[in-house]
Amino acid sequence: MPLNETQQKLVGDNAGRFSGLRALFVNTTLTPTKRGRSHTENLMDDSIAIMRGCGVEVDYLRAADHRIAFGVQPDMREEGAEVDDWPEIYWPKVKAADILVIGTPIWLGEESSICRVIIERLYAHSAQRNDKGQYVFYGKAGGAIITGNEDGIKHVSMSVLFALQHVGYTIPPQADCGWIGEVGPGPSYGDDMENGARAGHDSMFTRRNLTFMSFNLMHMAKMLKDNEGLPAVGNTVTEWS
Amino acid sequence: MPLNETQQKLVGDNAGRFSGLRALFVNTTLTPTKRGRSHTENLMDDSIAIMRGCGVEVDYLRAADHRIAFGVQPDMREEGAEVDDWPEIYWPKVKAADILVIGTPIWLGEESSICRVIIERLYAHSAQRNDKGQYVFYGKAGGAIITGNEDGIKHVSMSVLFALQHVGYTIPPQADCGWIGEVGPGPSYGDDMENGARAGHDSMFTRRNLTFMSFNLMHMAKMLKDNEGLPAVGNTVTEWS
Amino acid sequence: MPLNETQQKLVGDNAGRFSGLRALFVNTTLTPTKRGRSHTENLMDDSIAIMRGCGVEVDYLRAADHRIAFGVQPDMREEGAEVDDWPEIYWPKVKAADILVIGTPIWLGEESSICRVIIERLYAHSAQRNDKGQYVFYGKAGGAIITGNEDGIKHVSMSVLFALQHVGYTIPPQADCGWIGEVGPGPSYGDDMENGARAGHDSMFTRRNLTFMSFNLMHMAKMLKDNEGLPAVGNTVTEWS
Amino acid sequence: MPLNETQQKLVGDNAGRFSGLRALFVNTTLTPTKRGRSHTENLMDDSIAIMRGCGVEVDYLRAADHRIAFGVQPDMREEGAEVDDWPEIYWPKVKAADILVIGTPIWLGEESSICRVIIERLYAHSAQRNDKGQYVFYGKAGGAIITGNEDGIKHVSMSVLFALQHVGYTIPPQADCGWIGEVGPGPSYGDDMENGARAGHDSMFTRRNLTFMSFNLMHMAKMLKDNEGLPAVGNTVTEWS
């Protein structure tokens, strides 16, 4: 949806404030782009617009467009996978990004299977270290964007944010947002409704949470960058060998 | 358990480094102190020792020793509760602390009921704001310590860390730690074993994770304090009125 | 809410069909009856009405009206608790009931703290056996009713139904139901709305799921009763001693 | 592992008792058969051996050996997927089976991504009905087998069993089992250990739970079959049209 007045003012007042930062948004909807817009993408676009407006360099990947192998190694082709788009298409962008935002739909109250593929592949890099000997994801900030037509934003967020902090991301306050309608069948985020409006676009709650999330991720990523990440004291594997 | 050599060295090298910070550890075991030591307390003690050794002023509360009312208002006596130890014993310490660590046992794969009482009572303060108009928990760092005799550290951690970030805490990398033994009945953390050792005390995994968690909480709390919290831009309710 | 035409017809066609069965509904809202109706109770009432209409003898308890001790023993007074309403008020009804339905509100995406108290106290009886040497909850059916003003029916249901099957209940298909509105602040189930209606009362989805749940619990409890429970073959502890 | 004496006696005493039943075991490990045995398979084999010993006709599928498309429709080739092994290899077996057991490893405290693919594909059939107008999975029993090297059996079980009951399976008591070792790195189920034994094979807890699960699934499936499923009263969509 287009940013509203408040969001536009925030972006205008902070144009360029976060230049130098890079963000990666990964959409884990089950459908590839050729099958049309995704509801999750629709919501992610707002956060992307805010970040870009504030000077962040943003990449966007829709995982269903690629063939990412199942597994928990950095390059699954070395383990026999025929195709694996992770090492060349995903990993360089993940590594370069100061901010990672994972977007996912909800199925049976959980994140999508493709979302778990992404998490498993992030986890696959947990043996790698940054220059200071910390886990390679230290010094980065992570968030989550969730849509569905009924129920499960918080549950999905628990799982995604936990995974991100577990591998080394910092989770700033209120680092998730999402939209669901009333319980039961109904429109998903951005669907055209009978009254001509688009589902969820009038939710100030979702709009505000998305804005808080976007700014908190930028604030945290910038603070970490300005401080050269977390000090490598008490949190490196080498101290234990 | 006593800190081991690595932990002692880390503390020695960083004595006073984090002075000026305050931490609160809340143990949500189901048993009051008069019924003896808690396994969770046993593990929390190590993190407390590390933080104190580095100059942090630490408070410890065992929730089963008090009578905290059920409810989602800051003072449940105003809602008819006979007794409510939250407003006078807990809230001032929560508010003053830069770091909050919640410790909990695992029952049926979940945090304790008392742990949920604490989370509900934190949530009760979500209408309050700090000086900058942000949620009152902004600028603080949160973590979790979990013990049980079988299974559920990650699941419990997901729930506790999610709640903390949701109300405004920042979650640094690897902000949880815990100990469980092999699946099934068996000793809980710190129990005397037949061989004279105490269960879990030889787990380098738990010891290291606890150390990472303790330092990351201190690093994050200090970074937030040195930067006067997160900038109040894009994350205050007043921007939306 | 009053049963609708479809529900009334189902009840009318099956009046007395399930006589001989007993059900217990436990509401774990955080507020006692003296503070007014609970949203969860409002929804539970419909399932109670259906079961009573079909001949089931139904008990209802609102846990916030009693003082149930924290702990994982059958009678916490023996462990030093001052008061414990579980052994005399709850346990006899739990034991007598063929069907147990736990109702809970959602707080921060999870069941209430009081809901976890109930689960911990059920778990406390896991050392007890029925006449056939099985866990004492074998041969009973369990379900869950969940309300909240935003998000979490499925997550809460996962946790509650898991706990019930873990201690010995059978979970029939679609053994949960609930109501939540669109994400964000808003009316809870049964709240008066501006248009004169009551929130959620027009949700055919919730009404239907509640009906499916109610009937499936009765079908399963009756089938188990008619078959004298699950055969005591391959599922008793004595076979392993 | 080979069945132990107790398990062998139970099987011997009940040879043929459950003939006429069919079961399907789906292993959702991330690795295909060509990369070797899976730890989860190792544990699943015991349940398979018990069921076969009791007369059940058992199928076993390892999902990583096939290419099951992402999506929530019964045949994703109709939605543009290049390959989809679900409709021809999986669905006929799922439909024919009275018992479905999903086996999964644990990654970051959750079921595998492939496990979620299977759940999404089961969910895709929720618009289908059986002869009585009920969801197509009514009258079947479901269970879960979980392995990992550290933590998460209960959490994963919550999610898998919830999904199964949600689409229509009945969950008998204690319908899950699993093995994990002490927290932290270490052997996975069935790994060779220094002392010559294989990890987890001496766990009476796991062995007993697996046996309880296997028998309860057979008892429940047989009871449902003998009663021609759940009566189609109060649980069909047609009653609501």
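The letters A, B, C and D name the chains in turn, as written, and every chain counts its residues from 1.
One rule holds in what follows: contacts are C-beta pairs under 8 Å (C-beta built on N, C-alpha and C of every residue); 3 or more make two chains touch, one makes a residue touch a chain.
Predicted model, so just to flag it, every value in this text is computed and none were measured.
Chemist: Mind checking the rotation angle between the two copies, subunit B and subunit C? C-alpha superposition, nearest 5 degrees is fine.
Modeler: It is a rotation of 180 degrees, to the nearest 5.
Chemist: Looking at C-alpha means, what's the farthest chain from subunit C?
Modeler: Measuring from the centre of subunit C, the most distant chain centre belongs to A.
Chemist: Averaging over Cα atoms per chain, report the distance between subunit A and subunit D in Å.
Modeler: Each chain reduced to its C-alpha mean, subunit A and subunit D end up 32 Å apart.
Chemist: Can you work out the whole-Å distance between the CA centroids of subunit A and subunit C?
Modeler: Centres of subunit A and subunit C (C-alpha means) sit 37 Å apart.
Chemist: Indicate the whole-number Å distance between the mean C-alpha point of subunit A and the mean C-alpha point of subunit B.
Modeler: Averaging C-alpha atoms per chain gives centres 26 Å apart.
Chemist: Find every residue in subunit C that makes contact with two or more other chains and list them.
Modeler: 108-109, 154, 158-159, 162, 166, 204
Chemist: Of all residues in subunit C, which touch subunit D in the complex?
Modeler: Per the stated touch rule, the residues are 6, 10, 13-14, 50, 135, 137-138, 154, 157-159, 161-162, 165-176, 204, 208, 211-212, 214-216, 218-220, 223-224, 227, 230-231, 233-235, 237, 239-240.
Chemist: Contact residues on subunit A for subunit D in the complex?
Modeler: 30-32, 34-35, 64, 70-72, 79-80, 107-114, 116-117, 119-120, 123, 159, 162-163, 166
Chemist: Taking the touch rule as given, give the residues of subunit A at its contact with subunit C in the complex, in rising order.
Modeler: 108-109, 151-155, 158, 178-185, 203-206
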